[in-house]
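Same chain, two partners: chain A is paired with chain B first, then with chain C.
Showing the complex of A and B:
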């Protein structure tokens, strides 16, 4: 039928005249391969020569790479410009969580603890002195600040020390927050971080009454866990496992989460650790690096292993978990899942250690037992080492504006914004990465740091490359990753 | 396949029937008299109550003497399916009866206009540039006669939004007269690239509205080629963005044929990344109607040959947590891992199975074929054994 036009007719605007690249960055992978990323973290993997042709403006519209780059908004041409509208929406979507401001509010209700973990960054061995407990006055002033946050969702997390050792205050804060929320109407949630060793029925009743999530520590199988986490009686693991079961029974299976800490002793045990999480019926694990703060540095446990060893540990664990998934058993590595959400979806996860602008203060904030306000959990650990650079105020002495709009918070936020930082601003991984001014201040003495010397940068670069390689090489792995990326 | 319309009806005796009547069909012997005066009684047996505007006499029916011969219409056997609550159009001067609404069917759809600003290679309802505004009046007259307990009705075309303001009149009528009925509208979405048009539809606040809008490719020029309209892709995308901005639900529809299947996974990834907020994605087998037959060489591909692309595309959409359905697909040509997305969606009046389906244990779950598929269907159809 003559009245139908051929495909070539619709290609004419492309054939007629070139294309305009949209903002993109690139980075070599292995061998000849390069990854290109656009403004919102969509990516294309290609050969070096193809990249050169594209960058030179010489790529033909008939090239398969042209179609992929156009579909993923790396270029526009005379045929269509709706890509700009879509890209703008995607940028807005990625940045939209910022408008909510602080959502996670951490209350350090006591520094006292009955464990004496060498890697612990903050706690004090158990004693009966109350000078390390938060007072009701401090809690009330802190709650004033919590509800000044514009965030429609407010999560209050209780930490220690061992938070259960000041349960009266936990209960007081929950009831007071709920009372205030009758007017505020926020989406209010509570998390109780506890080692579960001193769990009792009163705690469970409180948690059940207020839908409190339990977050506990599980470092691996009993021998490893007990070595990492000494307490009188040496029964930390047994108490944690018993506590997990009791808490699940009382509150619901999914109301209990666990986090592991990696130590030198963990490095050869990643499968054992993962198997322990499977044994205890968790849906996934967060393979965490050890942070360089607090006792961890003093006791040399941080220096006891370097980043390369940790990366070997991480990828051995990741590949083991991937194989479990390929065999039909769904299990998630949560750090990868967060990065994959950035890579494969329009969304931006709210993980405070990997966002830019940094998550300090605006993603999460810490109200310490003594009323000092810290820009992050790591910031108060740094303070315990004598560096109070990220103490952004005190609930008794400062107003909300002084704390959240003061230079102590805004300077590190502005200076560390990854899109404008040397080496980050031209890094292809910037859309997936974040900035961590606390880490760089602690290790290099300024908020930005020199990236080639940064363990934060080196570690994340390797993880980005490792994830890219795995999803690019095997379609089945890509399917697993797509599932992880969409856990919301 | 059932017959919805005929122009071979003998109205010779029916002088008292309105020249262009939209009437509700009744089988109720106790229908209140005021209503009988504007309804048609369906005569299946030996008697009929007096006072109806007309009498539709099926082959086995016999009108008693109390019914004036001038109000009788004798219907051929293919209209046996008519029943109480259905709505028909009677046009005596053309010898025409047309079923506009069947109360027992889940697939009642109204063609709003034959005009269209796309000219799709596979259009099953080829557009005509005619002045057909009378259709709107007819549908506005029909809507109040529809059973308000009807689950869903559809608007189709042509391109319904070319009616401009009258399009909103129709949506408003559905909202007002059918407050429990879902409304599904097939549109190419281009008109909604005008934000004011999208805002007006949103402001009607219809209680259960879904717009089915086609996107055939992730590459604009391929979509434009398939719909034979330069610039259509950009307008359709902007239309969807405007509709969602104003709270109107949108379903993306993709017809599966040779021009769409190659980049189907790329299209799925594009939808998951850019239009994750749409409410449903429907992937649909090709219907052998209208322009499809003329463009068969450019369009036909055996579904068995796009199995892997289809499975991959559905997987991408599903893992992104989008709602996905597969329409008009035969299970024996589809990977079992995506069977759970397959729906029996072909309108009951045009759904069929082929001789090769004989003995298939999955027949009851299979979407089957459009009646038009006899023109061309896969030669790899085979019954699934237990």
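Showing the complex of A and C:
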């Protein structure tokens, strides 16, 4: 007697009842190659004809594609009765961060800044005008709202202007937040966004005492950085590098991060920019385009290059970084890493631009120097241009409920929900994408926007396709991407 | 101009395809008993022949998407119901 049943016995349930497709969407990648995604962003790449056969219910259980579709929750058959439960759990896991509500609370402690960057997205003020400083009273009212958030993890980020120009208030907020947290017992963290130009021992002592992360700006090598970020003396780069070294010495290497912004002058320099990050011993880089807000619009910096040029810049940089990794040097492109986390893991990055429902108010909220509350950093940038559509309240005038349950926040959240807006609702990339009502309001005048005309949509679609192509074509790249996707 | 035999594709699929291509062309849709006529006004620089091919293919894809959506809707609702059932249990 045979020890095991014949293979045909196990295949009987599949052969007998056929299969039922689970919800999925598809998009062409290139030529006849299509990508299929399911409810949670798991994906399969196949040819158009195979897609048609699958959709027609004619795919044989003996086909290799059948097993892949079954294992990734694109179909169920008589042999997979727990698949629905598993998929439901994955859906719940993907959406579970929503229940925590706002985790990132940004305090604009001053608009003053000693830099005069033409691309500045926050419309700085001259550094001697104290009326642009947040007061202690405003800070206390803001903290009341911070601790009304149900989130078990609270991150308070100090921004400007140049946040160090109002250091007394930064110190006051940190100490008051920690005092309140003795009772609240949240996972409390602080980030100081600074250009480091006015860094001193007092700042470092404060940061060391309270484990404050430093987030600074580094646009590339000295000539490019100084061109992008003018200040008296023209020494922004030297000060940033010196500050990075001092901060690392005082706080530890991992306590210092940097962000870059792409200007027209950056477009031909992506390798130089990446090399600068490597020289300065960073583990990765976030290749970011300019946003259509603040001085970036006023000085025409935003209009200086189009989406195609930025994508060329991005992919040249991405391929350079991939080659570094394949050569044995680990280095990460952080935007790709966040998308890959969505593609390859059950988890969601907390990046506001890639959230749907939109991350405004839910992922992050901004307490401006004057007490106004904005639904995101971009929302307050827009307000500095005179458009206060995303001002969701004021800490002195409104309650938590009025601010977070008011129409000013809920209307854009409801209207822009990607799963129910034209084109996103049938887009296979929707599980990996976000809805950005502030961007679409700024560029098209409504929260949803016409996606075929949207630079946000066009840029992300090309990045999704570019990542899939690289991941699918080269097994070694897949290994690199899987490592990036699992960085926490 | 592109014409589809009436009933070959759903009007919804044709509308969706026109929407998806709005950056490249303005497409007017004129349905009658016999056919659905689509007049394509390309944006400047667009290759008309390529645009027509892309539009026809997009209509085909959209029709299939609608078919998949209709077939999988009950399961979608069931999965979402399962996913969030614990919320109602927890009150």
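Keep this in mind: the second predicted complex is superposed on the first by the 482 of 488 C-alpha atoms of A that agree within 3 Å, B and C clash if a C-alpha of one lies under 4 Å from a C-alpha of the other, contacts with A are read in each partner's own complex, and residues count from 1 in each chain.
Everything below uses one rule, namely that a contact is a pair of C-beta atoms (placed from the backbone, for glycine too) under 8 Å apart; a residue touches a chain by one contact, two chains touch by 3 or more.
Given the structure is predicted, the values throughout are model-derived calculations rather than measurements.
Partners chain B and chain C, once the complexes are superposed on chain A, both fit on it without clashing.
In the superposition on chain A, contact of A:52 is made with chain C only, not with chain B.
In the superposed model, A:24 makes contact with chain C only, not with chain B.
Contacts of A:446 after superposition on the shared chain: neither chain B nor chain C is touched. Contacts of A:281 after superposition on the shared chain: neither chain B nor chain C is touched.
Within the superposed three-chain model, A:39 lies in touch with chain C and out of touch with chain B [touch as defined at top].
Note on the composite model: angle chain B-chain A-chain C, taken at the C-alpha centres, equals 100°, rounded to the nearest 10. With both structures placed on the common chain, the touch criterion links A:89 to chain B and to chain C. In the superposed pair of complexes, A:345 makes contact with chain B only, with no contact to chain C.
Minimum C-alpha separation, chain B to chain C, in the superposed model: 13 Å.
Judged by the document's definition of touching, chain A residues 85, 89 lie at the interface with chain B and also at the interface with chain C. Looking at the complex, you find that chain A touches chain B at residues 1, 3-7, 9-11, 13-14, 42, 67-68, 70-72, 79-82, 85-86, 89-90, 345-346, 479, 482-483, 486, 488. Those residues of chain C lying in contact with chain A across their complex are 16, 19-24, 57, 61-62, 64-65, 67-69, 71-73, 75-76, 78-80, 82-84, 86. Residues 119, 121, 218-222, 224-225, 228, 230, 233-234, 237-238, 241, 263, 266, 269-270, 272-274, 276, 291, 294-295, 315-316, 319-321 of chain B are the ones touching chain A in the complex. Taken in their complex, chain A has these residues touching chain C: 20-26, 28, 39, 51-52, 55, 84-85, 87-89, 91-92, 95, 422-423, 426, 450, 452-453.
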